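Two complexes are shown next, each including chain A; its partner changes from chain B in the first to chain C in the second.
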Partner chain A sequence: MKNNGINIALKSIFYLLLVMAALMFIYPFVWMLSASLAPEHELATLTVIPSEITLKNYQVLLDKIPIGRALFNSVIVASSVTLGVLVFGSMIGYALSRLEFKGRDTIFYIILFTMTLPFQITLIPNYILMVKFGWVDTYAALIIPYMINAFAIIMFRQHFKSIPQDLIDAAKIDGCGELRIIFQILWPNSIPALVTIGIITFMASWNEVLWPLIVIRDEQLMTMPQLVTLFAVGGRAESQLGVKLASAVLLALPILVAYMFFQKYFIQSMASSGLKE
Partner chain B sequence: MAEVKLEKISKVYEDGFKAVDNVNLIVEDKEFVVLVGPSGCGKSTTLRMIAGLEDISAGKLYIGDTLVNDFPPQQRDIAMVFQNYALYPHMTVHQNMAFGLKLRKMPKDEINARVMKAARIIGLDDLMKKKPGTLSGGQRQRVALGRAIVRNPKVFLFDEPLSNLDAKLRVSMRLEIAKLHKDLEATIIYVTHDQTEAMTMADRIVVMKDGLIQQIDSPISMYNNPVNKFVAGFIGSPQMNFLDGKIEGSDFIGENNVLKIPLPSEYQNQLVDYNGKNIIMGIRPKDIKHVIEGESDIGSFVAFNTSFKGVEPMGNETFLYFSMGDNEWVARVNPDSVVVENDTVYLNSHKLHFFDHETEISL
Partner chain C sequence: MNSRHKTILPWLLLSPYIIHFLVFVAFPIIFSLVLTFNRWNIISPMEYIGLSNYSRILHDRLFWKAVGNTLVFLSIHIPLQIIVAITLAEILNQKIKLRPFFRGAFFLPVIVSGVVVSILWQQLLGFNTGIFNRMLTSIGLGRVGWLIDPNWAMPSIAIMATWKNVGLYIVLFLVGLQTVPKAYYEAADIEGATKWQKFWHITLPMINPTIFMVVILSTIGGFSLFIEPYVMTGGGPLNSTLSAVLYIYKQAFFYYHMGYAATLGLFFAMIILFVIVIQKKFIEK
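On to the complex of A and B.
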């Protein structure tokens, strides 16, 4: 009995700690949301429940920067990048796992090697390339360099290796070419892999700030994170905290919505992205 | 329908392994040819080369009168059924069967007519809207058959289609495929390592070993006249019993004198050159009796005393296991025999097979 009492006490403390940790984690988000809806003068208190709810911060934000346009840009860029990664990634992954040609494995190892290079190393050469192509201040600079990525290729390669060769052979005999095999036979049987890779890619593209900062100067072409970052830290918010927070909320919103739709796959994708980091 | 001709076909894999070695084979129009052989002998590789799924390293392959070496699978007008069914998991049974026709731009009405007809032939009418994942193994293989039939191809290729099915289903599918062959007047090349399938379905059997064809013949004459020890051991179940020994005058003497068989005259003439030389003798389990009363030629049986290491009553027959020198032998006897541990078996001396000791070629 005595033991039991101690046990319960220990458990309670344990849970208390967990709850506190959870609160510490979630508090900034809740505060961000509530503060963005609160009048400016209440912000200093760090309170979670504002005395009145106002959309004024959002109004100011909309007046100051083309956030709607930026949302549109972000959607276009992230979607195109994701589509490109899925299409090209599965094509290359298929070739690397199923076609027989000289140097196949060498190519695979080179691709694997590029993953170990930090992004910063290729930043300057890539930028110079964009200048030479005349792509600075165009969507092309935001989309095209990201349309193929090693991580997706490797994920697709591994996934396609797990699909029985007989299925592919049957499709060939039925009259499928390689492209049809990829998109009509393999894709419908790879939905979880597609969604997982899609989510990881979309998120990465959505959250990218550094690259857009380098290749885009035209405000009309800026993505949301870029615009918001420039706005929040670049002085244009005129140290109005509420407006900054409103911009942060808008930045997080699309990902939250996506999360609600794809919750199951999100968790899966986070688990498998452990491969990368 | 068409004949298939393999002229000096070889396959060397990337890693330098020669899986198929100089194979010559003509499969006649409407013929049912079965490729058998132990695991890894190159049966699937041969079939996959015919299908166009594997490059041909050397030699020529004709389907009908056309040289098809460089044709992709879809232009060869063949259909294939795989061991693991290989149905498209995301399509219904109907879509699975229609897929190949759709790709060939066949009008919708005709596709439907063909699919429904094939479904009726193989009894799939009720399952057309189901996905393969919800079907049993037997049903899946039926769908795979249906997918092959609708195409109405020149040649059907089967790669161990029944291996994943249970014994009972295997028998019924065997009959069904045999019937299909007759009804469709199809040219069929069928790979298996189940020699019962080979014996019961084939017009001709092709026995392969290590990428080489050992023998091509009808089931019965292959059973009666195997060209070498390998084929003799491979065809027939339980397999043929072997014993190393010598010819001495008119007798066969087993090694270490375990057995002495006075040879009937037909063998004496055949084996004159082997007098005093090493030789391998073979006898089928069915030619060893436990009871010989009532046999027409009692005089041709040679008695051998042994103790049985195992007795397997199969119901309609009984297998007796015993040692013969260093070899394990089996006799296949009448189930009514009363077997005691130390007993006598009788070898029918007219039913012997002899093989050269070095080359293992039939004499």
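On to the complex of A and C.
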């Protein structure tokens, strides 16, 4: 009986600590949201619920920087990159897993090699390429270099290997070409792989900031992370903390909303990407 | 006809990759080597300077500063990351209520842009109104210059990076923990092993591959550190948060020293590979 009491007490302490740990990860985001909605003079007090809710910070932000346009740019860039990675990744993954040809292993090892290559080596030459191609200040610079992803190719190759050959043979007898096999036979049987690769790619593209900082100078073409970064460090926030936080909220919001609905997929996708590396 | 079609077809499917590889990987690698022997600001013609960039790097105080800063970052970030991640993963691996909620909470910062996290933590670490200094002053301690004291700035960023990434590593360790066969623990129970002994002699060796992966990913992350110092400190105070990528960025896009920036990139890449090889040797023991 006494033992039971101690057990319950220990359990309560355990859960209390666990909840506190979870709050350490959640509270900063809650504070960021409420601070962005609070009047400027209340920010210093750090309360979670402001005495009045105001959208003034967001109005100031909309007046100062083209954040709507940046949202549009980010959607265009991240969607195009994701589509490219899925289409090309499955074509290449299919060739590497389902077709027999000389040089297949060589290509596969080249792909593995490029995955281990630190990006610090290619950063400067790739910028110079963008200059020579005339791609500075275009969507092309943000999209085309990212449309092929070694990790996605490896994932597709792995996945297509697990699909029964009968399915492909049957399609071939019906006279399907290779592209139709990939996109009409294999894709419907690969939804989890498509979702996993799609989420990782979209998220990475959405959050990418170094490359846009390098190749985009025109404010009208900036993606959200870049515009928010330059706003935060460039002095245009004029030390108005609330406005700065509002810009961070707008940047985080789309991914956070997606995360709320697809939390399980996000975690699985990221975990599998970590495991494969 | 059919057999010719068959040999050409794979290469048609592979052509996007081959073009991409030649243009965005192979050419840049070769070109970066060429750049290291030249001085170039993109606008005027390239000027061959032999090994000057290489000798310059060895005497460049800021290059070594960036290397040192990264090592400071890693020496705090890696142990902290592993301890926190294993602890929380062990807890989540028990029969606890609301496990998806807790896992989801720890994972939250992983999905959010580093820009958001940097802006947010810049406020939390603020000298006068930041929550950390408020807590310190409320229990009667003095304020800490988290981001303005050269001794604290890099450790602060290392702690923040741990907060941002640890959720991913919790999930990876959870996967690792679930691969440990239950029979091992049962056998240890029969032998009368304590919880700590079981963890030390069964769990830890079994999740060693996961630990190795976390070390590698964190090392690459440390050498890729950019947006955090860019937003929070600009590399200061006294260059104490100047990171490898931030230094490359400054050389290339503030001073337009393309040759020297390419040399820096090459050296940092070599250091990354070197550090990973050493870590591999060390952990396999």
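As a convention for this text, the second predicted complex is superposed on the first by the 271 of 277 C-alpha atoms of A that agree within 3 Å, B and C clash if a C-alpha of one lies under 4 Å from a C-alpha of the other, contacts with A are read in each partner's own complex, and residues count from 1 in each chain.
Note that a residue touches a chain if its C-beta (ideal position, glycine included) is under 8 Å from a C-beta of that chain, and two chains touch if they have at least 3 such contacts.
Predicted model only: the values in this text are computed from it and were never measured.
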item: Touching partner for A:C176 - first (chain B), second (chain C), both, neither; value: first
item: Partner chain(s) touched by A:P188 [first = chain B, second = chain C, both, neither]; value: first
item: Which superposed partner A:L256 touches (first chain B, second chain C, both, neither); value: second
item: First (chain B), second (chain C), both or neither touched by A:D218; value: neither
item: Chain touching more of chain A, residue-wise (chain B, chain C); value: C
item: Touching partner for A:I110 - first (chain B), second (chain C), both, neither; value: second
item: First (chain B), second (chain C), both or neither touched by A:D166; value: first
item: Common interface residues of chain A - those touching chain B in one complex and chain C in the other; value: none
item: Chain B contact footprint on chain A (complex, rising order); value: 100, 164, 166-167, 169-176, 180, 185, 188-189
item: Chain A-touching residues of chain C, taken from the complex the two chains share; value: 7, 9-11, 13-14, 16-17, 20-21, 23-25, 27-29, 31-32, 35, 42, 88, 91, 96-97, 100-116, 119-121, 123-124, 129, 131, 134, 163, 167-169, 171-172, 175, 213, 216-217, 220, 223-224, 226-227, 230-231, 234, 244-245, 248-249, 252-253, 258, 261-262, 264-266, 268-269, 272-273
item: Residues of chain B defined as touching chain A within the complex; value: 14, 48, 51-53, 72-74, 78-80, 82-90, 99-100, 103-104, 147
item: Chain A to chain C touching residues, read off their complex; value: 15, 18, 21-22, 24-26, 28-29, 31-32, 35, 43-44, 46, 88, 91-92, 94-96, 99, 101, 104, 107, 110-111, 114, 117-129, 131, 145, 147-148, 153, 178, 203, 206-207, 209-210, 213-214, 225, 228-229, 232-233, 241, 244-245, 247-248, 251-252, 255-256, 259, 263-264, 266-267, 270-271, 274-275, 277
